[in-house]
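Take a look at the following structure, please.
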Amino acid sequence: MSDAEDRSDPFFIGWAAAPGRLRPFLAGVGLCLAVLFGGVGYIAAATQADPGSGSGGRRETAIGVLAYDPYPLLYVTESERYPAGHTLLLSGNAKFGVQDRASALDGRLVQVSGGPVSRGDIDMLRLRGGTNGLSLVEDAPEAPPVPQPVSLGRWRLTGEICDGQCVAGAMRPGTGLAHRACANLCLIGGVPPVFVSTAAVEGEEFFLLADADGGPVTDAVLDHVAILVEVEGEVERRGNLLVFRIDPGSLQVAP
Amino acid sequence: MVATLLQIAEIYLWIGAAVAAVFLVWGIDRVEPNAAGAYVFRPLLIPGILLLWPLVLWRCWVLVRGENEACRHRPPRRAQHAVAIVLALAIPVILMGALLVRQNRPLERPAELLAPPAEAPAAAPAAPVAPEAAEGEAGQ
Amino acid sequence: MSVKYVPVQWNPNKYVYDAVLLVCVVLYIFVFLELGTADASVTQPINGAIVRMRAFGSCAFLMLSVILAIGPLARLDRRFLPLLYNRRHFGVMTFAVALTHAVYVLGWYFAFSPTDPLVALLTANTAYGQVLGFPFEVFGIAALLVLAILAATSHDFWLSFLSPPVWKSLHLLIYPAYAAVVAHVGLGYLQDATNPAFALLFGGAAMAVGALHLAAWLCCPAEPTVADEWVAAGDAGDIPDGRAVIVRLSPSERAAVFRNGRTLSAVSNACAHQNGPLGEGRIVYGCITCPWHGFQYRPEDGCSPAPFTEKIPTYDLKLEGRTVLVRRTAHPPGTRVEPTPLPEDVA
């Protein structure tokens, strides 16, 4: 191989020193790669979507009346953070519900303790383990009456089914398709499902989901979590919480 | 079902571990002259054997029978061209499909009232727990 | 090319190559985590684990796109061949980055639940009948498994043990794996991204990979195959000294006819190492040198010089006037064939 040829068409051999003519080209490729990686990394990171306003806070304690169906709720009677009459969704810490602990306490006056998460109209307490998180108030008189559901009519709403814990700020973002399997895991574990509507009903966009009879609806909605869906059902008010008693048969992907 | 699948995968890897042990200690010297006297690199082969032990056994069989030489210099050029072209065509299809099903957010859809409440409740709006009662309970 | 295998064969070029790779990856992750995310417009900060899984996932995608671009780039412009030289280290590093992404996903989205993370990964979303909401994780799992297999078989031992064609066939899995990654991102994160910048970057990278493969395919048409026992390789005067012409003998077999000074020799076009295209190489220090990894063979017998032991098949040659003819039937690897002198009238 002559020098002239080498200059016009350099031949790279991996175990030998790179031909002089090729070095500026290779240095340029290396520099371009570094700029590409740095630039793409910056743009991909800086354009991440806003995960929303959900947020957590320091541990809170509240006393109130527990309702078991469709998902464990607390009608607050006494708390430093929440006004009396406020409705709190209850779940366990991480991807656990509290159905096992709450089943024997339906309608009883209980004390709850855990980490609050909230977003919009949704307030949830992620209870600590065992009786530290949920316990019967001993020696209490009969529990005060809980607010009766008030029907707000039958509605067709468009929105996203989420797990109540993550959408309220336990995870940021706690919505969207990348988070879908995680949301399903939460729901399967017993965390209450929440419907985030694209339009408000009586000024509220977040609804606790239930089936048409007011019971849990988790199994029927798992394939429709984290995508925009259209669904029909009765909306009712329980305290300050809206419950959307959906007809799972009417669930369809939003056109 | 999934638990069974994972169990099968575990058994597969355990068999791979057994094959790796036998192959790296004993078999490799019989089929690969360049491995003779070289030991430090052998642990590097373990992940490959765990994942591909049926292929390893098949190659050992072929090499021991010595029917290997002719095809070593016939690269799968046509397969490579075909698979590269299929990829080039598949990429726009996948991208278009993903963008077509994409739901652009925020999606503004009105809430549609299908039927008003059956009868207006007498005590609307909803009656929360009476604050007096709550305080009374709290006093207990 | 080793006589005795070592864990990783390094040389100065590979050090530079790996250093550039490492700088690129560290730069990407640092810029993503520390600079880009800080500038994202958010009401509340995104979870650290989620930012990290995004950083490593997108980095692995970019790395894989660059890896797949190297092959067609080197076909279109030979100056990119040095990037192909150490592509296996690039692949192993990509697997490590992709695995880190997967570990963050498993340790966040699929942890903290009553279900085992691996079981949860496969059972939490089973909507296989839907396109929107499809369990896109399975595409990622499939691609990661392929990357694991390719990384685990990247040592030269596997090339020799499996034989280059089997090894190459196995490594062609990278193509379906890339398609799976595009589907993984397309049905996953792309659905959530609200800023079009991500769609442009992601779609642009994937389309560029596809376009480069199409361009390389269009620029390098396959030569026709002739059925005769002797196959014409063109005019002897058209072969520059130290170079070769490539003759297609069958759809899978090619020979390279090299000119070495005043003689001609024909050997297999497929290098014994990775079936690299020897006919696109040169004669350096009297030996045919592969353009991919620098493996060398003597033109007259297809043997690597001692202490190396690789061998390639050789072919008979004859001249009809100035036309070079190659006999279709190959000699066993390492068979000596007396070089054919060039015609007098060839300069």
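Details
Note that the chains are named A, B and C in the order they appear, and that numbering of residues resets to 1 at the start of each chain.
One rule holds in what follows: a residue touches a chain if its C-beta (ideal position, glycine included) is under 8 Å from a C-beta of that chain, and two chains touch if they have at least 3 such contacts.
The shown structure was predicted, so the numbers you read here are calculated from the model rather than taken from an experiment.
Here the chain at the heart of the shown protein, by mean C-alpha position, is B. Looking at A-B and A-C side by side, the one with more C-beta contacts is A-C.
Our note on geometry: chain A versus chain B, Cα centroid distance of 24 Å, whole angstroms. Distance between chain centres (mean CA atoms), chain A to chain C: 42 Å.
Multi-chain contact residues of chain C (touching two or more other chains): 132, 187, 191, 194. Shared contact sites, meaning residues of chain A that touch two or more other chains, fall at 227, 253. With touch defined as above, residues shared between interfaces to two or more other chains in chain B number as follows: 103, 105.
Contact residues of chain C toward chain A in the complex are 1, 11-14, 20, 23-25, 27-33, 35-37, 39-47, 50-51, 54-55, 58-59, 62, 66, 78-83, 85-86, 108-110, 112-115, 120-121, 124-127, 130, 132-133, 135-137, 187-189, 191-195, 197-198, 201, 240, 242, 281-284, 289, 291-294. Put simply, chain A touches chain B in their complex at residues 63-65, 75-78, 84-86, 109, 137, 139-141, 143-158, 197-201, 227-228, 230, 232, 237-240, 253-254.
Those residues of chain C whose C-beta lies close enough to touch chain B in the complex are 2-7, 72, 118-119, 122-123, 131-132, 148-149, 151-153, 155, 157-158, 160-166, 168-170, 172, 175-176, 178-179, 182-183, 186-187, 190-191, 194, 199, 203, 206-207, 209-211, 213-214, 216-217, 222, 251-253, 268, 270, 272, 275, 309, 312-313, 330, 332-333.
Remark: chain B residues 103, 105-118, 121, 124-131, 133-135, 137-138, 140 touch chain A in the complex.
For chain A in complex with chain C, the touching residues are 1, 5, 9-18, 22, 25-26, 29-30, 33-34, 36-38, 40-55, 94-96, 169, 171-173, 176-182, 184-186, 188-189, 222-227, 253.
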